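First chain written, first letter: the chains are A, B, C and D, and each begins at residue 1.
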Amino acid sequence: MLELDPIFDAISEWLASFLPPVVVTIVKGFGTAGVVLGVLSLFVLFFIWMERKVSAHMQQRLGPMRTGWHGALQTVADAVKLIQKEDLVPSDADRAVYFWAPVVCFAAALMAYLVIPFGEGLIVQDLNIGILYVIAITTFTVVSLLMAGWGSNNKWALLGGMRSAAQIVSYEVPLSMSLIGTIMIAESLSMITIVESQSGPFWNWFVFRQPIGFIVYFIAATAEANRTPFDIPEAEQELVAGFNVEYSGMKFAMFFLAEFINMFTISALAVTLFFGGWMAPFPFLDFIPSWIWFLAKAFTSVFVLMWFRWTYPRIRVDQLMGFAWKFLLPLAFLNIILTGIGIYIF
Amino acid sequence: MNLVKQTIDGIYNLLLGLGVTVKHLFKKAITVQYPKERWEMPERSRGVIVLLSDKETGKLNCTACMLCARACPVAAIKIEREKNPETKKFEPTSFDIDTTVCCYCGLCEQACNFSAIKLTGKYEFSVYDKDRLQYDMDFLQEIGRDVKYEKKKKVAKKAVKKAAQKKKEDKAGEEEKSQEKSATKPSAKADAAAEDEKPADSEQKEESKTEDKTGDDKNEPDSSEESESKKE
Amino acid sequence: MMETKGLRTEEFMVNMGPQHPSTHGVCKLVLKMDGELVKEIQPHVGYLHRSIEKIAENRTYAQIVPFTDRIDYCASMNSNHAYVEAVERMAEVEVPERAQYLRVIMAELNRIASHLLWLATFTIDLGAVTPFLYAFREREEIMDMFEMTCGQRLTYNYMKIGGVNWDIPKEFVPKAKQFLKILPGKVDEYEDLLTNNPILLYRTKGIGVLSSEKAIEYSASGPSIRASGVRWDIRKAEPYAVYDKFDFNIPVRYNGDVWDRYKIRLDEMRESAKIVEQAIDGLPEGDIAKKVPMTWKPKEGEVFCRIEAPRGEMAYHIISDGTNKPYRVKIRTGSFCNLQLLPAIATNHLIADLVAIFGSLDIVLPEVDR
Amino acid sequence: MDSESLLNHINELHKDIIINSELITDVPTIEVKPEHWVEVCSSLKKDVKTNLHSISNYGAVDYREKLGGFQLVLTIFSHKHKHRVTVKTLVPAQGDEEPEIDTVTTVWLSADWFEREIIELFGVKFKGHPDPRHLMLDDDWDEGFPLRRGWTGTDFIVKPEM
């Protein structure tokens, strides 16, 4: 089993021998953040490549083929290109807001990983309010998108920003509500506890006890991550590129990376809350490391998201709101009621 | 109840859509990896214009009759000519095609009675400098060297016509107008492939050759028009 | 402008285009918007104005054919057909029957190709990218057939006055039959993917309703008017070429919304496939062209001839003054009138709907500007 | 109704107004004076037997040299009766004159863009046109009217005669 904590502990002990404790805490924090960032960057590189390949093969194309094996290094090449690109700022832009928007977006996307368990013991910090923290932190995206829309001083961008505000605020409600059933069964907000309460064979996973909750969560989370069919803030065909229409170079790349990180976040969260986290489907498969199980499940979920994206048209903005308030929210409440009844009976 | 039915219907159709895309995930790609793989252009393909020259003498087929220049809808062809004092025939002294305005319609090829100008299957003619798109006579001749073509024969037109008419009765008329059977292939590989195919349909080619000539006499109006123009 | 205490909202103008992903070319729509709601639309066209009508005045009759390719680049065969048909009708040139059949085959194949291209761009407008590639896959087959026949994939210059330029090669008939065999299945596949997809239904049902009265008032034509319940198809109403010899239906729908305009084109693809099949089966032997000299002078006269192009009525009004060049060529195209009615049906819709409506009208900008 | 009886019907309808009527490639074609232009058009639309409610084509021809004016050619048709009629009128003009005629946008809405095109390309003005801006050309176009015979603009190259 891959355990990071002992390594970190050893390093911090060694550091504590000659540094004051405050500095040790800071260094430890940065170290952990660095590791998470590194791992996530690798994932994101892979996801971008995977998205391209999945979309290409669904459309009977080949996708990138030139750089590396089947274009595996294409994303790296793109990243290099984006870093080299001139960083344009519209002359009438609100410069500070324009500058900070991608940073906020990226940071908000990253911070969710503080509480996601990648495997048994592979967690940065097991907060006892884990779920609450994730929901709170992912909402920061809306601030960044609004900032981007406002700061660009472009009408299309502003429309995109406004759309994203409306969308994310609406979908936040059914998203939170859909998770309540899970919390009621697990009787905890901590991610570790929730995963552990799903131990055993795969029918113990919450997806079988909370099917409605899962469906509501998955739809709402797709909307939160601005993925098609809910990608109205970007809506290439309507708003050109929505909030990021004026962004170029590395700032654009940060939005882009944040989108993929968010996609992984919702997949990881779905796996943690509904698919038994790092648990193997059958106990006798436990010899396979837990993080492999986790990643396999999460990647499948990411694939499903991609599958949606390359199949469906985009929904219209008012229908999107209607769908959230008129359909998903009642469904989420129904789920809570049913769960309550279930808990009372069993 | 209606809502439930609608929902179930909707979910079914959403799944149907997912089914279609996932089915394609495992199908073979239909795209071509362009610089590595290339298409074999059909023989009638209308790409880069070339001037054809006689295989034996190496001289241009062009007799500077100006028909192509007159036929060109965008006035892309400019010919200057001179009378050869020995043969008393016109010869082009300069033959310029402005490919920036050329619309690749092929009217020049149809107008030509001497198999002198041809639109080939070549398609890679991008250059860095716009001036290089003004093709002059030497360049046109140079890129036309490797182009295979059948010379249009004007002799014994009537006999050929009769024969072709007889043939038409028992076989589907595959008349082709002003088309050479063997066109250039974009790459040597394709060329080799074409060579392989040749024996198989050589018989057909023989037939179509004669029929080509029937196509040729479709050009007759043009040639008569040529004489008309000379009168003018 | 609306003013309330402390909160002020404002209508604002947005330029949608000339470079916008969903204006299909270079069209500028000046929108007055109230938030997402489009209050006023002003189409600005002319970015692709090449004045083919002026060019035609100093070209010979045969030289105009390549220019007609460029009027509607998605359906060049149909614009070729309209022009040669008009000139032939004016000069009373007899066209061999084989040529007529070949023209019909090509025009109908081009109609399928054009509708496929429309489907591709329309689904992209709605945000679904994958059907785009599927439609292009089938369109590619047609392009291949055209290329093997006339050597080009887009600007064919296939028809000429008095017939067609090239006969079909030997491989054409088997390839076309193979294609016609698979096409209905492929159309079914698009239908599986899109037609009853609830998201598509939400986006298209009841959006951009063009009533039959309005359609007539605005001289709409083509699939746009047939989706509004007017059974009008020039192939049936005023048969040209040899269309009266084929058995086909005119699909008509009655709601006039985006979904109907979508569905009608899918149905038309099937009908066109039927026509091509019949034409290939009944393809007579014979000449492919009547001899018409390149600089030929028709007698003085005038003609107005129209055909059913994929985007509606395409008509040529040609006046000859007895020289080898036409005195005047006036071109009427389907998109020209269909774009004109966009403000009438798309105002007070959301901007997402505007995109869907614009897509459903199937506007090709070079055809509007000519 | 076949073309001939349709032509007779129209002739009867506007006995005194029509100056010329014939069948051109089987299409009834009538010519009226510019002052009766809108009147004839609207009556052709309203008349139950003709009911020509849609525009098929609407263009102008520069006949300044031959006939002394611009000819407006309007082809209208009926979905219901499946027939069409061409109406012509000659707007007298000489040289650089910009003649005026009443608009038919009051009769058919779709005449709008057709007329805008004629305004900018031929320089025929339409009285009462709701929106006489340029359609195809730039708003600040000042090089005359391109579709008039003999027009030459700065970038216009006449194809050289061979």
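In this text, a contact is a pair of C-beta atoms (placed from the backbone, for glycine too) under 8 Å apart; a residue touches a chain by one contact, two chains touch by 3 or more.
On a predicted model such as this, the values are computed, not experimentally measured, just so you know.
From the centre of chain C, which other chain's Cα mean sits the farthest off?
Most remote chain from chain C, centroid-wise, comes out as A.
Counting C-beta pairs in contact, which comes out ahead: B-C or C-D?
Result of the comparison of C-D and B-C: B-C.
If you average the CA atoms of chain C and of chain D, how many Å lie between those two points?
25
Mind checking the centre-to-centre distance between chain A and chain D? Centres are C-alpha means, answer in whole Å.
63
Report the inter-chain centroid distance for chain B and chain C in whole angstrom, where each centroid is the mean of the CA atoms.
27
Could you tell me the distance, in whole angstrom, between the mean C-alpha positions of chain A and chain B?
Centre-to-centre distance between chain A and chain B: 55 Å.
When you check chain D against every other chain, which residues touch at least two of them?
Residues 159 of chain D each touch two or more of the other chains.
Could you pull out the residues of chain C that touch at least 2 other chains?
Residues 59, 130, 134, 137, 193-194, 197, 199 of chain C touch two or more partner chains.
Which residues does chain B have that touch at least 2 chains other than itself?
Answer for chain B, listing residues that touch two or more other chains: 14, 17, 20-21, 24, 30, 70.
Considering only the defined contacts, which chain A positions touch chain C in the complex?
The contact residues of chain A facing chain C are 55, 58-61, 155-156, 159, 162-163, 228-229, 231-232, 235-240, 310-319.
Which residues of chain B touch chain A in the complex?
14, 17-18, 20-22, 24-31, 33
List the residues on chain D that touch chain C in their complex, please.
24-25, 27, 53-59, 61-62, 73, 75, 79, 82, 86, 108-110, 112-113, 134-138, 146-147, 149, 151, 156, 158-159
What does chain C use to touch chain D in their complex?
So the residues of chain C touching chain D come out as 45-46, 49, 51, 53-54, 57-59, 89-90, 216-219, 225, 230-232, 237-238, 301-306, 313, 315, 317, 319, 327-328, 330, 332, 336-337, 340-341, 369.
Mind pulling up the chain B residues that touch chain C in the complex?
Its residues touching chain C are 6, 9-10, 13-14, 16-17, 19-21, 24, 30, 41-42, 44-46, 70-73, 103-107, 110-111, 119, 168, 172-177, 179, 204, 218, 220-222, 224-225, 228-229.
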